[in-house]
Each structure stands twice: as structure tokens, then as C-alpha cells.
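Chain lettering (A, B, C, D, E and F) follows the sequence in which the chains are written, and residue indices restart at 1 in each chain.
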Amino acid sequence: METLTALILIFIGAALINNFVLHYFVGICPFLGVSRRVDTAFGMGCAVTFVISISTLLNWTFTHFILRPGAPLPAWVWQSLGGSAQTQIDLSVLSYIIYIFVIASSVQFVEMYVRRFFPPLYKSFGVFLPLITTNCAILFASLEVLKHMQDSTELWGLPQALALALGGGIGFTLAIALMAGIREELDLCDVPRALRGAGIALIVAGIMAMAFMGFTGVEKGVETALGSLLR
Amino acid sequence: MTQPTPGKGGYIGQAWLVILLALLYGGGLAGVENALSGKIKANKRAETYSVIPDLVPGSDPDKTDEIMVRGENAKEGLVYRTRRTDGSHVGWVLPAAGQGFADRIELLIGLDSGVTTVRGMYVLNQRETPGLGDYITRADFQDLFRDKPADRPLAVVKTDPAADNEIRALSGATISSESVAAIVNRALANFREPLRALAVERSPGNARPDEAVE
Amino acid sequence: MRGVHPPERKDLAERAPIEVLPTPAEVRIALLQHLGAPCEAVHKPRTDVALGDVVGEAKGFVSAPVHASISGTTGRMSVATLPNGRHVAVVPIRAAEEQPLSDRALFDDVLGGEWPTAGLEQCEPEQIVDAVREAGLVGLGGAAFPTHVKLTRNEDRPIRTLLINGCECEPYLTADYALMMEAPKPIVAGALLAQRAAGASEVIICTEDNKREAAESLRQAAEGTGIEVRVLKTKYPQGGEKQLTVAVLGREVPTGGLPLDIGAVVLNVGTAAATARAVMRGKPLTHRVLTVSGAGIRQAKNLLVPVGASYRDVVDCCGGLIPEAARFVAGGPMMGFTIGSLDVPVTKGASGLTVLTQAEVRKAEETTCVRCGRCVDVCPLNLVPTKIAMASKANDMELAQRHHITACMECGCCAYVCPASIPLVQLIRLGKVRLPKG
Amino acid sequence: MAEGKAEKPDAAATAESKQEAPAVRVAPSPHISKTALTTRWMMSDVLVGLAPVVAMAVVLFRWYAVVQIGLCVLTCLVAETLFCWMRRRPTSIDDGSAVVTGAILGLSLPWSAPWHIAVIGSVVAIGLGKAVFGGLGYNIFNPAMVGRAFVMLSFARELGASAYVTDRSQLDVVTQATPLTIAKKVAADLAAGAITVGDAQVQMESTRQLWPLFLGNVNGSLGETSALAVLIGGLYLCLRRSASWEIPAGVILSGLVLAGAADRLGLTAFTALHHVVSGSLLFGAFFIATDPVTSPLTARGKFLFGLGVGVLLVLLRVFSGYPEGVMFAVLLMNATTPLLNRWTIPRPVGGPAPQPEKA
Amino acid sequence: MPTTTVALALAAAVLGLLAIAMGFVLGWASRKFHVAADPRVELLQAALPGANCGGCGYVGCSEYAGALAEGDTTVGLCAPGGGDCAQKLADILGVEVTESCPYRAVVHCSAHRDQRLQRADYDGERTCVSANLVAGVQGCTYGCLGFGDCAQACKYGAIEIVGGLSTINYEKCVGCGACSRVCPRNIITLVPFKAERMMVVACSNADAAADVRAVCEVGCIGCKACARVAPELVTMGGALPQINYDLYNPEESEALESVLEKCPRKRYLFVGRPTAEDLAAVADEELPEAVTADFKTTVDDTEWRG
Amino acid sequence: MSTEGTTNVPEEGPTALERFINGVLPENPIYRQLLGMCPTLAVTNAMKPAVTMAAATAFVLICSNIMVSLLRRLLKPHLRILVFTLTIATFVTIADRFLAAYVYEMSKQLGPYVPLIIVNCLIISRAEICASKQGLGVAISDGVGMSLGFGLGLATIATVREVLGSGTWFGLHVMPASWPNWGIMALPPGAFITLGLLLAVAEWATEKRASTALWRTVRMLWSWRH
């Protein structure tokens, strides 16, 4: 029960309260770049959700088995080389490189796959799929997971990691879809010239961030509510 | 995306530069890590250790040791056992965390060795509203927890405290204040008994009579 | 049905009997007065033509010939800009001294006299359609669609109902009303002929409850013919064929489709009368009833006008303009088109001239759309006019099409209610022009 | 759009043709319009609708209300002029929308908010809420709520729950916390197990009566206290069609249902009815969510919008850190308005137009 | 073995292995999922200036690049890029530069507002394309409406409305043709500028003389005087003369002068002043085909109603 | 965006000085190119983190430019991006560790945004556009110019946010004591709104560039170069 509560909290935390885009400012590039049309924005959101889940899964695995201090794989190598079982081998310095490698290759893989087998989908993403590689949101999710895998007060397992990834991806999709709707509307508006494009988009994002700040405290509220309901 | 021309030398042959660089960078990084990890660890340690004398008056940070303690909820937690310079046990520093108004709050709780009194409280990390909830990081708020009883839950009130386990809420930030108190209460509930047991078992001789467990 | 209730102002010309316009010195017959292919002139300049002679020959099935509406001599071909913006070739005819028909005689020839409803069974459908085509008959309700096309039977899509449209929901206009009051007989006869031609099993003459007397007059005329006269609740744009089929038959004409798709044909009362004249008297469509009304005209009238007479002649016949007159609307104020000068010839589809004054047209200043949704509330076709208009303006045709721009019939309800005075209909028309062709 | 190059010739064209003063005027159809109905009229309608609310605020909060609302309206007007001037456009204060924005902003603030909050809120409302989008009719978010959110997040201390309460004032209603704050606190304590159900009942005693909530004899933001005044003004607006009834209907419906459910689950200390008449639910439903510019166009869209506002509003009241959720609920739903508009395109009479084949 | 060494070795090994694995997987995938694409598109796009002005007739530079790669169109349509750009594109595609004569926009109407008669006061959307839907905005149904859609469309600020007439500033015009696409009356065409100043027919009213006189003080009356003086250069398209720019030779100034002189309405005008470079660029170029002026004009295109 | 045969393009392109100047203003990564928006928004609530971030980014940018420029003749087109990423990630890790070791406080405050430099499009785009095509000198001056430009961008935003939000600048009080701190400026909405408005100001200033003195100076330098 407690884990379930925790998973729910991580999920809504990442999707609404600490929305990746509107609170953590990650994934701003596609948020500004691919939010001109609702359809493409939604597609982009789905692509990000997909990639973020895959790469978080892979990265969690890497971290758990290889990178974290005391991970089994290096320990096994160390011990088979005759090292003592006491020494912990910490390869976490490699985590950034490995993460970005995993992300880059999985995105490229997905890209090639989609291009080959789903040409219409590929066409609507077009140039944006490679953009996912340099999309902070993906790396950020892995880093967040890493943080919680090093933090002794709250050790995350795979379910938590995936809850964060999924929540983050869905939160991103929500934000970018709303943004795209608004920007389609803005095309018909008389926005001052200097603000057109990124300027007004950022201001809209700012107002959306204000609106999303309404969710502040929901984590706590849901936690207490679930607590009292389950009691 | 340009297509690689497979064939000559195969994929690996083409990627020699990448592989070479990977080896190079990997080694280099490990070197950097080797050189700096001591300092980074020290930094992290210092973050906690620098406040230890303040959290448990009389303790010497250099004499502090870290132990893993199994709490009432069956989860293991890190606890700092603090000692005087002469090595005698003065108390505990208990890291704790929980949900605040906006985000997680992480804090350290200083306790006497018998876990009867809260010696101090220090907020390590928080993201409460600037100018409102973030006043929990102020010394005057943290000082409110000094010398509060550790055997009963602390209560947050909006008026001047009447009982000794009451803490006056920050005005306009009752929720943050309550969250801090709740985190302290929960940590105490989890670790009060195990720590007391430890105190009796490990260092009965060191305990001053007034701190001794009944 | 949604729609609006604009001030009717029919009282201006309602009581005026149909008068006959004195033969003008010159008429200019436009070679394109209908929806479809333009006509080709058949006479060289300076040829003498008689009333009813063909002046322009129809080219193609969806087309209709034009005829001389007076006797006289043709002049050099010229051009005219019709109210709807078309810049078309015209054939001027200078009136001869002697006119075969004028005044009362003309009225009797066009609308008066006897219109026996008995013995119409002898007319073969093809015969009726041919007569209608040769008479150059087009819809007199506004769109000027060649009537023979509508009446031609089609095995695949049989016609069940013939609706005779006497709603005349436009403010100011009373031409149809006057016709129904003074000449119900030819309407009924024409309706029966059209019924035979189209093979419809029922005929309903529809009018609105602000024209009860007309309904009464039609009922008397239709006594014993099996034609039903239906009185609908007044609302603009009840007369639109899509609204009419919903109101009368409870069926919707598919968007982009025709009443034919639901087994109906809609004819204007004037068209019905002209059908009767074409079939029973063999006369082409050379005259039509026109309402001249509005505060800018000295005396509002219903006139029987030869096609091709200029609006100036018409205005002169009504005592001229008052000095404040500012806008000439060919048609009614909701859907009519303005003309920049009175020297524009009357066409077959013209139903009236509404002259508005300076005070009436001083429009409130256009402000931005506040998305109040009033246009959405009134649109009889259930569209979102503001979105279509804004999309058209921003040239976002994908958005406009998503909002079904092509469904709009330009009835003007939306622009009528818009508190921001946005020229919605114009913007929607603009969008239709901008739509990718094909 | 008529910016830059087009402006000059355009102006010239009008000026010169005025000179020639031709008698004939051409224009697209229709040639008559419902002249009584203008944007300014709609805005003054809203002001009329707001009158009972303002009156109630003045009765309860005396000159605090007068100063607050006056300051907001004034600053909004000044800001509107300023931004028009910056864009070199003719001033648009005469359409009355700035007055409405100011009044609603003023009514949504606590009596105690210091002057700089009213001023900053108003400038932000007009500037960030409206001018950056192009002015009246183009804004995506409710300007007054943008302004309020901005100051609320900026000056949390002055706008938080405790700012409403003081015992050093001549006003009698402000000695007690707002009903929602009390309810929130009790619910939270109850859920956390800090108090017993009995304690909770004692603490809720002061707000149990529906009548004061309905009549408005309670603490709160200036405009929200009296459900009665809001209903009078709101119904007037709906009857005049200046506001669409679908929106308040949706808000109230979903508010009742969800608050009822929360009450059943013991997540709130209020009944559904209490929830509806307390706080700014009604004020928001009738005056704020109904802002035509920022709500959907079609009836179905409006109703969905209302439902959304109601749902979010109760969820935020129950779960979030804030006692009230109207402002955030409206802003969040404003963000969905374009999507709602897209999804609620009505079916035209006769069915959808045949779409041309996509190339 | 000290931990440091192992950590070093392990780190390097992990990264190295990963690199190898990735090289394999991606290499395999890229062959497996190979989709033939034209790499030239990207090169072409890079060679284009990226102004996205639409001058080439495509939605943006990238679409033009795509069309070029497909062989659907020719290089040299990009006006902002000029000859350089065309050369680059041609290099990429391995073709010859065919045309780079500078085109410039010409407005085929020259009546300022007071010379056009019967102008009514117009209440409605103040753009040409909207006003064109309303009859009687002005007498001449061919001439410039003067609401400046073309000026709005011009990205180079080359068009101004002077006295109700669209007037092109040839210092700024680059011949992208955006204006000619928006003008609802189709009275802007692109004329090949073989000299600094070109002679053009500055009217597009195709009606008969009397009808023209009725609406315009200066419009072409179709008297054919010009076609008689220079039958080669000027042909009559209906009532309107058209200059055959193929045969246009700026050196033969007498011929041009005579045309100019003979026109009773003085509707032949010299316009323009392209830059010296442009002239140099075309000096030794074969002259391209002339654009045919297409005065389909008038409101006839618009729908009847409904 | 790959160009066939990157390896054997002739070395041409803007010179070192041009690259430097371009980076600072005409092609300012934040205001003109909108690159690296995430850190820009995340770390600008005060000057200190902003400057730290700018320094870390500068370090990575310059180092990776150097590295890529040195390796440029060995790059295979399809493995190019891989090499860039590898290089950048390595230097980012180094920067991250250095911060953690020597400015721990800042490292804690910047949190994940330091590792996120890896995906800062600015760095990879410089590698692609400049370093992989030009010599060491140009690459370095490009890196320095772009870093300055990036730093300038961060600093302007951070200044607005810190002064309005806390009444301080680099932690020093610059506003009167009675200044009501605009809490929102320290929060996410403040970041978005500030950047949006500053972008508009930048846009407006460039539109009016002929008349701004600053721009004239840049232009002067420019023309003097040619």
C-alpha cells in the first residue's frame, strides 16, 4: 500500500505538480519548437513519453548493475580478479556518459525503426526525432532516478523510476499539447511584433506555470488523503 | 541521417576513433574521479558535520561515527552518533525527510543520547515558497525546536506555546511549520526506541546520569 | 431553427399594389444573369429586336438564354458590373417608339388574366421543361439557378415534394408578398406544372405568419388542387431552402448537397408564376416584380420591371431619392449586394432595391472579436462563424475547412448580431475565394 | 494585423475619400445590424451585474473595498492607456473591458491587500494578461486572474490565508478566518489524526450555518462573501445573455457532485452545499469563468469548460495547499480552451462539409 | 591490484564495450532499416538563404529544396539568393544555370485615386482581397484597389501605396513575386529587367474605350496606335497591348520612344532601376522567355454566391 | 543535418575575430539563437548560480571545441555526433566533479542542471558548425565568444530576476529595504515571463538597431574587419 501511494505520488508529482516543463524547465526546446500544431505536438509528446520510458528503464538497469557504488557486475569482476569483498567499486562517474549514450542510441534506433516501418509517423515528426536526443527531459529523468538511487533516505527501485518517467512524459505531453492549442489560437491573434514567436510562447508558458502552481501541495494533500482513506 | 557505408573494415573498423576515445575518456574520468572523490565526499560529509556541534551541543564532529539503524518501520536508516572530544557519547543526529508545502524537506534532528530531548533541528534541503515557507531555514525558527521533549509528538500552534511540546507556527506558513514538525515526529517515532536501545547497549558507561535511560 | 428577427420594415411597401414601370429609354441585357455558363450574343449592333426575342443564347446545360424585354434596336456591346461583383458583357437595347405592351396590358400579359388549373395533365413533363428552358427561366428567389435543371427528372433521385417558397424572410422586401396577393392563380398553376414536370407527389406552398393574408389568398386560389399552403413561424432565414426543408419536411439537406438529395425541389413563388407564363402562354422571362423600399426612397413601391432596366429608372419611378440616401442594396439588407452606382441593369434574380440612409449605414466601428459566441448562437447552419472568419483572414484554410467553411450560405445572421461589428460574411466569402481550387 | 505599411495607405484612403464625400457607400452584406448590441454594452452589462456584489463588498468592508476596487480600476485604465500608447494604437479604454478587469481583480483581492499589490496586479493583468496577446479579444487567459495569480505568487504573505484575519480593525467580519481556511485546516487535521471528530465538529461550529455564507456575513475576498449578491448579478448576466448560462451551470453541477463525493469520503469538512456557497465558487462561476474571451465558443464547449472548472476547483480545494482553487482552476481551464474549441466544433446542419482530398 | 587501477580499467572497458555494442547495433539497424533518401536535399537547403519568403512559389526554402532534388523545378527561382545561390544550387545538382535575368514586379495600373472615377465609400474589411468581393468599390474593376495587400506581402519593404496606387520601389524590389501572388486583381506581374528602366503597359483594363473612359481618366483605351508603330514589339491581347519582352531591346530607344509618343493616353511608362550588379550578371546571359502578362483580372473569378 | 564528407571540406569560413564577435551579440546563443533554454530558465533565479553555470558551460564549450577541432580530420560523418557527445559528456562530468569538489554549495544548488549541459544544443551546434570545420584558433575564439554571449544572456536574466525577486544582486542588497520582493521571480513562472519579455526587448532593440549606439559600435567593428 505504501509503495502504491509512493508510486502515485511520484507519478502525479512528475506529471502535474513538478511538471517537467513548467517546473523543472527541461525539454524546453521541443516545447517551444514543436508546439505549433496540435497534432505534431501530441505526437512529439507521445514520442518523448516512449523514449523517456525506454531510456529510463535501460539507464536504471545500467545504474543498478554497473554504475552505483557496490553494483554487482564490477564487484564480480573485482572479486574474480582477486579483490576483497569489502571494497566497493564506484563507477558512477561514468553515469552521465553512459546515460547520454543509451539515450542517443535508443533514439536513433527508434528513429530508424519508425522511418522504415511507419513513414507517415516519421513524416509528421520529421526533423524532430533527432531533437529528442538533445532533449533534456530524457536525461533529466535518468538523473533524477540516479539521485534517488544514491539517496539513502529513499531508495528507488525500478517501479519508482518508471513512475517518474511515465509521469514526466505524460506531463510533458500535457504541457506541449496545451501549448500547441494555444499557439494555434495565437496565430489568429494580433501579438505585438517583437513578441511573436518565442517571446509570446514563453509568456504563455509562464502563465501556464502560474496555473500549474495551483497544484502546489497536492502531493501532501493526496498523501494525507490516501493515508486517512486507507486507515 | 547519413547512411554509413558498411563493408570496408565493418562497423567496428570504422568506429575505431570512437572506441579509442571511449577508452581514453573512460580512463581519464576514472582518474578525475580518483583525484576528486575524496574531496567531494568530504564536502558532503562537511555539510552534515559542520552543523553537528550546533545540533548536539558539546559534540566533536571528528569523533562522530555513522551507523545504520533499523527503525520501527523495519527500514534501515543512517544515524550519526556524536561524542565529546573525550569520546563519551553525547547524542544522536538523525537525518529525516518528508513532504513539505511545496516539495520534500530534508532535515537533521539533534537528540541527546537517551532520546528524551530534541537538542536542535537543521533544514538541509527545501523548496518552500520564497519569503514564506522558506523561513523554516531561518535560525530563529530552527531554534524553536531546541530542548523540546523527544518522548511525545511536537504540536504546532498559532498562538504562543502553552505546553512545552508546542511550537509556534511561522505566520503565513503554518503548513510548512507543521510539515517540519511532522517530519520530526515521524523520525522520532521510528527511531526513538532503537536509538535508546543502542544507547543503553553500546555506551552505558558514557551516559551521564541525567541522560540515562530509565 | 436558429436565426434572427431583424426589424421587418415590410410596412413600407406592403400595401403598395404592383405597378408597371414605364418603358425605359434603354435596357441593358446582361449576358450572364444566372448561375452557370454565360450566354452568347446573337445580334449584331443596330439590329431591331422585338419584345421576347432571344438576345443571348444559352451555352451548356446549366445556362439560360436571355431575351429582349422591350422592343427596340441593339447597341454596341458594353460591360456592366453586376451587384454580385461580376463584370459582364451587356447588350443595350434602345427602346422603339412603339411598344407592343405597356402598363395594364403588360401586367395582364405577365400576371393577369386567366390561369386555368384544369387540363394541365395534358402537358408532358418534357414539354414543360423545354418551355421553361426556352423561356430562360431562372430562379427568382435570388440564386438565379436555371429552373429547367431543377425540374428535369432524374431516375436515380426521384422528387417527392415540391416546395413553393413564399417566405420572403428578408426585411423590406414585399415583391413575393405582392405577387401572392395579386396573382395567386399563376403561382398555383405554375406549381402544378412544376409538379408534373418534376414528378412530385406533393406540393406545399410555404409562407410565414407575418403574411397570413397572402396565405389566405393562395389558399383560395389553390382550392381543389391538392396543394397545401403552410404558414411557418416568422424567422430569418426561413426562406433558405435548407431551413425550409427542415421546417416543413423535418429533413436536412446534406452539406454540399441539394434538396434533391432528400427528394425535394424548392421554387420561389415568382419562379412558379413565370413557369406558368412560359408554359401556358409561351412567353419568356422578360419581366419580374421588384420591391423598391427603404428610408432613402421617396415612395416605396412594388414594380413590374423589364429585365435590363437600370436601377436609376426604377428609382425615378419611385419619386427619386432623398438627399440622405447613402447605400443602394440590390436585394434585401441581409443578403443583398450594394451597387456603386444606379446605372446597373436589373437582372432576373434581382428581388428588390433597398435604399438605406446615411444614418442607417453609419456602422459602429469594428472592434476585435470578443468571442462572445453570439454568432455561434444564431447561425442557422450550426457553424462557428467567428472561427471561420478569423481563419480566412489569417489565411489558415485548414482551420477554416475544419470549421466547414463551405457549408456557410452567407445568410448574414452572424454579422447581424456581432457586437464587435465584424464583417463576418465578407471574411467568410474571402475564405471561400481563398480555398484551394479543385 | 493592420500594422506598419498598410496603415498609412489605409488611413489616407479613408481620409481622402471622406473629402470627396461620395454619396454612395458600398459594403458587404448584411447591411443592417443589431445596433444596440456592442462590446461596450456587454461590458457595461457586466458592471451592472457586478453592482450588487460591489455593494455587498462596500457594506462589509467599508472604505477598504472602495479603495481596493477603485485603485484596481484606475490602474487598469492607466495601464491600458499606457500599453496602447506603446503599440501606437488609439487608446481602447472606452470599450470598458479594462474597467471590468479592474473591478473583478479588485473584488478578488482581500480587503487587507496593500496598495502596491493592487497596482502591480492591475498592471500585470492588463500587460501580461491582455496587451501581450494583442489586446481585447485576443487574450488566452483571464487577465484578472493572471494579475491575481502573479501577485499571489509574488506576495504570498499578503495574500495568504492569514492576511484576511486581524483583530485590529473596525470591521467585524475579519476577526475570524475565512470559512474555507477553517474547513481546510479542520479537514487536514482530521486526516492527519491530529484532532478527533468531536473536536472537528466544535471547530466547524462557527461556519456550520448556511445562511451567513449565503448572505455574505463572513470573511473572504471582497467579492466572494455573499452568494446572494453574486446570484442576483450573475442571473442578470445570464438572462441578458452577456454571460452564457452553460458555464456557471457546469461549474455548480460538477462542484456539487465532486464536493459531495469528497464529503462522503471524509476528505473535506464541508458539505457540497457549503462548498458551493462558500469561497468564490459562485463569483468565479458567474463572473470569471464566463469571460467570453477566454472560454469556449460553443454551448457544448462552454458546458465542458464549466465542468472542468468545477472539477479542478474542488480537487484543488481538497488536495492542494491552498484553501481556494477558483483562480487556478480558471487559469488551467483557460489553457484548455483552444483544445476544447477544437474538439467541440458543432456538426453543421446537413452534416459535415465534404472535405477536399488532401494532396 | 590497487582499486584505482581496476576502476580505471573497468571504466575504460565499460565505455569501450558500450561503444562497440552501439556501433554494431546502430550499424546493423541503419542497414536493416535503410530508407533511401536524397542527401542533396540537405545540401540544397543549406545553400538557400533561408528567408522562407515564398518567392520561389514554394511554401518555404525546404520545400523548394525538395522540389529541386526531385527535379521538378529549376534553379534560379530564389530571388533573395540571387545568382550566387543559383550557381551553388546548380553545382549541387550538377546542372547549368539557365536563367538569372533579374525580374522585377510591375504594377499594371497607373491611375492615382483622383484619376479613377466613381469611387464609392467602402465600409468593410480594408484589404484588397476583401474589397475585391464587393462590387462598386471603384469604377474600374481591373485597377489597383490601393488597400496595400501587396505592400503587406512584400518582405523587403519595396511597395508603398501612393495616392491609392501601389508603387514599387525598385531600389528595394528583389523580384520575389510575393506581391503578384496576393494581388486579387492580378495586376502585378514580373517583368524581366533588361535595362535599368523598362517600358511597361501601365493599365490592365481590357474593356472597350467608352467603358474605360467612363471609369478612368488615364486608362488604356485599346486604340492600337502602339501596335501599329511597333507591330513586333507590341501585340494586342484583346483591347490591351502587350509588350513582347523577348524582342525588347533597350538599345533601340527610338522604337521605344515612338511607342511612348504614339500612345494617346500615355499608358506606356518606363519603370525601375535595378542595380549595376544585376545588369552585369545578365550582360552575357542568354535572355529568358518573357513572362506573359496575365490580365485575367476582374472580379469574374469570384463565386456567384452560396 | 549531416554534410557528406565533412572530413575534406576546405577550411574556410569566418575568422577567429568574426566568430568571437558573432558569439557575443549578433548570434547570441540565448537571445538570437534560443539555444540552451533549459539551463537558462532553471539557474537564473540569482546571479551566483547563473554565473557558475555560465562558467561551467564555458569550460565545457571551450574544451569540447578544442578537442573536436583537433580531431576534425579524423571524423567520420556518421560517427561525428557520437564523438561530439562522448567528448562533451566527458568534459561535463569533469566540470560537475570540479564543482562538487570546490564549490559544493553551488553544485548542490545547480543540481541536475550541470549534467544537463551535455544536452545543451549550444555546445553540440558549435562543434558541428565551427569546431569540426575550422582550426584550433578559430574554434577557441568561437568557444570564448559563444560562452561570453551565453554568460551575458544568463546574467541579464538573472539580474532582473534577482533584483526584482529578492532585492539583491549577487546577494548584495540593491533595492530599498521597503522593496516588496516579487516572490514569483524566484519561481518558474518568473523565469518564463522574464525571458519572454527580455526576448521581446532584444527583438525590439534589433529592429531599431540602426539607432542604438551599441549596435553601431558592433557595426563599426564589423566594417573595420572587412
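Heads up, the rule we're going with is that a contact is a pair of C-beta atoms (placed from the backbone, for glycine too) under 8 Å apart; a residue touches a chain by one contact, two chains touch by 3 or more.
Predicted model, so just to flag it, every value in this text is computed and none were measured.
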Q. By label order, what chains touch subunit C and subunit E together?
A. A, D
**Q.** Partner chains shared by subunit E and subunit F (touch criterion as defined above)
**A.** A, B, D
Q.
Moving step by step between touching chains, how few steps can get you from subunit C to subunit D?
A. 1
Q: Give the identifier of the chain nearest to the protein's overall CA centre, each chain being represented by its own CA mean.
A: D
(Q) Measuring between Cα centroids, which chain is at the maximum distance from subunit E? (A) B
Q | Centroid distance [mean C-alpha coordinates] between subunit C and subunit B, Å | A | 87
Q | Rounded Å distance between subunit A and subunit D, as computed from the means of their C-alpha atoms | A | 34
Q: Please compute the C-alpha centroid of subunit A, do the same for subunit C, then give the distance between them in whole Å.
A: 64
Q: Please report how many Å separate the Cα centroid of subunit C from that of subunit F, as a whole number.
A: 69
Q: Mark out which residues of subunit B touch at least two other chains, giving numbers and ranges.
A: 1-4, 14-15, 18, 21-22, 25-26, 29-30, 32-33, 37, 101-102, 129, 131-132, 175
Q.
Touching at least two other chains at once: which residues of subunit A meet that condition?
A. 90, 93-94, 97, 101, 108, 112, 184, 190, 192-193, 195, 200, 203, 206-207, 210, 213, 216-217, 220
Q) Going by the touch rule set out above, which residues of subunit C reach two or more other chains? A) 337-341, 361, 363, 368, 393, 410, 423, 426, 429
Q) Mind pulling up the subunit F residues that touch subunit A in the complex? A) 34, 37-39, 41-42, 81-82, 85-86, 89-90, 92-93, 96-97, 112, 115-116, 118-121, 124, 184, 187-193, 195-197, 199-201, 203-204, 207
Q) Tell me, which parts of subunit C touch subunit A in their complex? A) 368, 390-391, 393-394, 396, 399
Q | Contact footprint of subunit B on subunit F as seen in their complex | A | 2, 4, 71, 74-79, 82-83, 86-87, 90, 93-94, 97-98, 100-102, 104, 108, 165-166, 181, 183, 186-187
Q | subunit E partner contacts - residues on subunit D that touch it in the complex | A | 2, 4-6, 8-10, 12-13, 16-18, 20-22, 24-28
Q: Could you please specify the touching residues of subunit E with respect to subunit B in the complex?
A: 4, 7-16, 18-20, 23-24, 26-28, 30-31, 34, 37, 39
